[in-house]
């Protein structure tokens, strides 16, 4: 410090710490919401874990007996339900990605501003119509004498799907394909919206820049657009796969008993058989499997912060 | 011929997009068409005869309109509850750094990463164990619980994108913390809060799985009515309601956007 | 309007900072400093980003709590007061205009919060003063950058603050508009007489507008003074390099005569006024501004008593009003020379041997213990 006029510190007076009221503000804001989640989300999970280890009946009451074999029994009885759940959901998720990406891309880059809004409304509006009603509409669309079945039959495509086990008896209803079709349809908006959000942020000039740097349109997509949209892909696949794997409505309405998924089993055990330990064990297994898969998937995809 | 091939190749993405859109809208069109059907038998799956009977008498089916009003009540209350609680949480997470913030964020994320049936069964187990009778209250509790996270996500995104200098400017211009919140923060966060509330309403109104596990014998929401009807026989009026909801949603969004655009244009 | 603002100004707008400092954990943003901004002055805090100038301003506004020290405004201790109770207003960086309110409501915001009546007349007068009358019902995003800037000023000034704080108020404007707004702000300040405290990283902006500049670096006030004074007599290499451009030549003091220090740099013998040397050390930097140096062909006559260094032209660039030369001097450094384009010597092309000479009175001296490139933008932070 040289010719500085008034820059030498005289005395340092430490300020008293602000009253702790302000430090507590976030906790007061969090309290009601988090308390709600703890009481009605976390505590039930714990209850469920305990219920899955109980034995007894509705009349005599249930006791915690650390009855782990409920898990083995449930797994051996319902292993194909789990396989179908994850299989159907995985296929439906891939189909959603294949169908949803071009649409999201069209809205983000190809549509004029006016059309963009129209299409977005059409994507979101089904949210506001009871999805049960819309799923039932698929019964009409896929019905045995309907135009879809007739067209596919004329093209001999149903023989093909029959051969690989996706359909049976030259029909669509009450087949795995119908369930997959319903799942794909129901969760498609959950794929499109995150995809659109991540695509919309991309500056169209990036495409021009890639083109300027000798990338063909497809290379531009592979090297620029798709990598940037990856967070949307990850979010979309999770938002599709997770609810689809626990769904039982599509399997119930569009499938036959041999297409039942794990959700159907839990629903039956809980609401009809009233075997709460088995229902609890099944949903616990489902939860553990999904959390495991989601963790591995998010590690691989390298996206942590989605919330 | 080659010109057609060229055109198709150039517009491949848009064509695929249009097909996807058709796939999305097709069921709504079927619901619309079959609301004018006069079915032959209990089920409304096959076309029989044109009729406007269902449209002229939408509440002609026993219990249907009652279930509709129950669903609306629950959706409104659940939306209010989830929006208030969720907005508070969102502000805490977006505006403060504090101990336990990561844990709170994780807890908010978890319900969205959980299949509905798992939450439904576990909450049902809790109510059973606590001997709390299933009914209106249990449904409402469940709906607030699963809508909360969606509100937090919507509001938090909005609050994070708000320039903190705007609130500082308000304080600099003599606004007390309360005035700052009411005059600046809340109006700026409003689009996010509205989005969260709208999403809550839609999710709650349309929820079936969680409701089925947590409702009592007398509390039949509209989705539960449809579910029951799908086993016994579906009245055409269900399609009328479905179509009316779809059209109302489209009209509301269009009007909302139109008003928004006009405001922007004239102000 | 102007009269009312003048009244507010005479109410006393001295800003006194005593021992004020700010640390974030282990990081010190502002080292405890004392500073007095006299009532009615246009005061600039100048420095590169991260030097603590904005933090200092925000502590005056009350938007940042000081870790130590006190803030006095017009004799009143406001350290513990929240921003909404302080008699200061801020023009924020990128303005922070409320996007959901129109221009009228933005300007009226402060008056309404204080429960003032007759808002309409005052706001209209204020908008007239900043020439935005017809835009009262527009939204901020419908205005150009320069107009938004004027709204931000109006929104602050209408409250008759004792002190107006400006945080990089012109940073978002393009060069031409920035020049125009500099003059405009200066005009408003002279007209209303309110104390302005202005934070900027643009040294030309600070010199154009301010009466007094505090150059900040690394959380400290490096030097304080009137613009011309700082420019002619920098107290450190940082100020010499940050404010304009300087040639710093390492030299050894060999003696003194007639109030002058005699120096030796490389082979050259140089001199400078003793009064302009900021250090007693024997190892010094001799500083000279590029525009004070005359450049001439190596065979030219140089008058007796001038500092004289020979060298070779490395680069010359023609920039209209002047030509800028880079010359590798015999002492080893590259020196910059700005020569007005009156009689351009066409022989002064790269490679040409030249002689540089200047009046010794135009030299200044700095302690050579400092980094020679501090404040050039090339120095490691």
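By letter and in written order, the chains are A, B and C; residue numbering begins at 1 in each of them.
The rule is simple: contacts are C-beta pairs under 8 Å (C-beta built on N, C-alpha and C of every residue); 3 or more make two chains touch, one makes a residue touch a chain.
On a predicted model such as this, the values are computed, not experimentally measured, just so you know.
Asker: What chain lies farthest away from chain B once each centre is taken as the mean of the Cα atoms?
Answerer: Relative to chain B, the chain whose C-alpha centre sits farthest away is C.
Asker: Counting C-beta pairs in contact, pick out the pair of chains that comes out on top.
Answerer: A-B
Asker: Taking the mean of the CA coordinates per chain, how far is chain A from chain C in Å?
Answerer: 56
Asker: Counting in whole Å, what is the centre-to-centre distance of chain A and chain B, each centre being its mean C-alpha position?
Answerer: It comes to 16 Å between the two C-alpha centres.
Asker: What part of chain A is in contact with chain B in the complex they form?
Answerer: Within the complex, chain A contacts chain B at residues 23, 25-27, 29-30, 32-34, 36-38, 40-45, 47-48, 51, 99-100, 102-103, 105-107, 110, 117, 119, 121-141, 143, 145, 185, 188-189, 192, 238-239, 242-243, 245-249, 253, 262-263, 266-267, 270-271, 276, 279-280, 283-284, 286-287, 290-291, 294, 306-307.
Asker: Using the touch definition from the top, list the residues of chain C that touch chain B in their complex.
Answerer: So the residues of chain C touching chain B come out as 61-63, 82-85, 88-90, 92-94, 96-100, 102, 109-110, 113-114, 137-139, 142, 155-156, 159.
Asker: Where on chain B is chain A touching in the complex?
Answerer: Result: residues 13-14, 16-21, 23-28, 30-31, 34, 45-46, 85-86, 88-89, 91-93, 95-96, 98, 101, 104-105, 107-119, 121-126, 128-129, 141-142, 144-145, 148-149, 152-153, 156, 202, 205-206, 208-209, 212-213, 222-223, 226-227, 230, 234, 238-239, 241-243, 245-246, 248-250, 253-254, 257 of chain B touch chain A.
Asker: Enumerate the contact residues on chain B facing chain C in the complex.
Answerer: The touching residues are 163, 165-166, 168-177, 179-180, 183-184, 187-188, 264, 267.
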